[in-house]
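Structure record follows, encoded as structure tokens.
Every chain is named by a letter (A, B, C and D) in the order it is written, and numbering of its residues begins at 1.
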């Protein structure tokens, strides 16, 4: 079970790095916003798995709040790009 | 799962926090655009918060929150005072950022520019 | 090792693999719409599977895991749809031939956007 | 060891995002970079055993700060060097 969590953390760290590279390279504003969205989803998953590692039930609330509020920033940026904010 | 993984990582966190403070300070001092100055102040705020929380960290500790999972298996807790301070500082930092951005919008409507070299008169 | 732990471990592996593949898709795909498709669908499946796996590992956390899954399931499609519509209205074409772009311009009455000529200005 | 890798990745990402937010000429991209700084900072708070601080940082840093910066950029200019180019969709304020 320990090795499974190690492998999952390595996968998520690689995902964070790839999304960050796309954020730096991306030619348009949409690419960078997609990178932010992916980073948010990977962050929620990482928070839940870290909560399991630390064995505290209270820690899951952070991931819950993050999943609720994380997409508002992306929607505001999208409305601004659309010209309709 | 053992919790004693912070060997040299705490120094790494300290170095990161100080580096972020210096980067934000550079942005706030050197850049010409007013919004970029506010972004620099926000980055400084993040670095200070990270530094204070890292000072209160205890190796192998857990969060200072009582819950049934903690009472079944009690181990030592980290210092709760810096966390309370940072919790207030985050909200105050957001208020400072909001007021600064409101002033930026007022300045732009009056002067038509955001370059601080072109905003010279004190009265508006 | 009980049966719940085996199921949870397999779900965590699947979830982390899909998160990694979604990020790799963002890195490798050629234009904005392909990157949206890779970066939102794959990471939605990955995140939901990983959170469900943690819920299987600790059965008393299952209710909160299901709530997180519901929030991922409604927040990710909303953000991806808003972003795709913004890029379409801004005048970004996908990687298609020039004669197919006129087909895309035929939808201007339904959803107004900038055409190929206006994009240059 | 695995935490060393994870925290190293987070530290590199947060320093890179800070440098990017300061050096980028386009202010919209700088604002997105501050959102990434806030996200990574929230995960670091979480790993430093401060979940309440992480919760506040997630709520304020990701949603509210991005919103007020975007509203400011919409009401002023998008680019740092104003004479270079104007935003196509910038509506008239004055």
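We take it that a residue touches a chain if its C-beta (ideal position, glycine included) is under 8 Å from a C-beta of that chain, and two chains touch if they have at least 3 such contacts.
Everything numeric here is computed off the predicted structure, so don't read it as measured data.
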A-B compared against A-C, more contacting pairs: A-C
Distance from the mean Cα position of subunit B to that of subunit A, given in whole angstrom: 20
Cα-centroid distance, subunit B relative to subunit D, in whole angstrom: 12
Geometric centre distance via CA averages, subunit C-subunit B, whole Å: 31
Residue list for subunit A, restricted to those that touch at least two other chains: 5, 9, 12, 16-17, 33, 54, 56-59, 61, 70, 81-83
Touching two or more other chains - residue numbers and ranges from subunit B: 62-63, 65
Where subunit D touches two or more other chains, by residue: 49, 51, 71, 73, 89
All pairs of touching chains, each written as two labels joined by a dash: A-B, A-C, A-D, B-D
Interfacial residue positions of subunit A with respect to subunit D in the complex: 5-6, 9-10, 12-13, 16-17, 20, 23-24, 29, 32-33, 36, 39-40, 43, 46-47, 50, 54, 56, 58-59, 61-62, 65-66, 69-70, 72-73, 76-77, 80-83, 85
Residue numbers on subunit A that touch subunit B, as the complex places them: 2, 53-59
Subunit A-touching residues of subunit B, taken from the complex the two chains share: 1, 3, 62-63, 65, 67-70, 73
Parts of subunit D lying in touch with subunit A, wherever the complex brings them together: 2, 5-6, 9-10, 13, 16-17, 20, 28-29, 32-33, 35-36, 39, 42-43, 46-47, 49, 51, 54-55, 58-59, 62-63, 66-67, 70-71, 73-74, 89, 91
Residues on subunit B engaged by subunit D in the complex (per definition of touch): 5-6, 9, 12-13, 16, 19-20, 23-24, 26-27, 31-33, 35-36, 39-40, 42-43, 46, 49-50, 53-54, 56-57, 61-63, 65, 78, 83, 86-87, 90-91, 94, 97-98, 101, 104-105, 108-109, 112-115
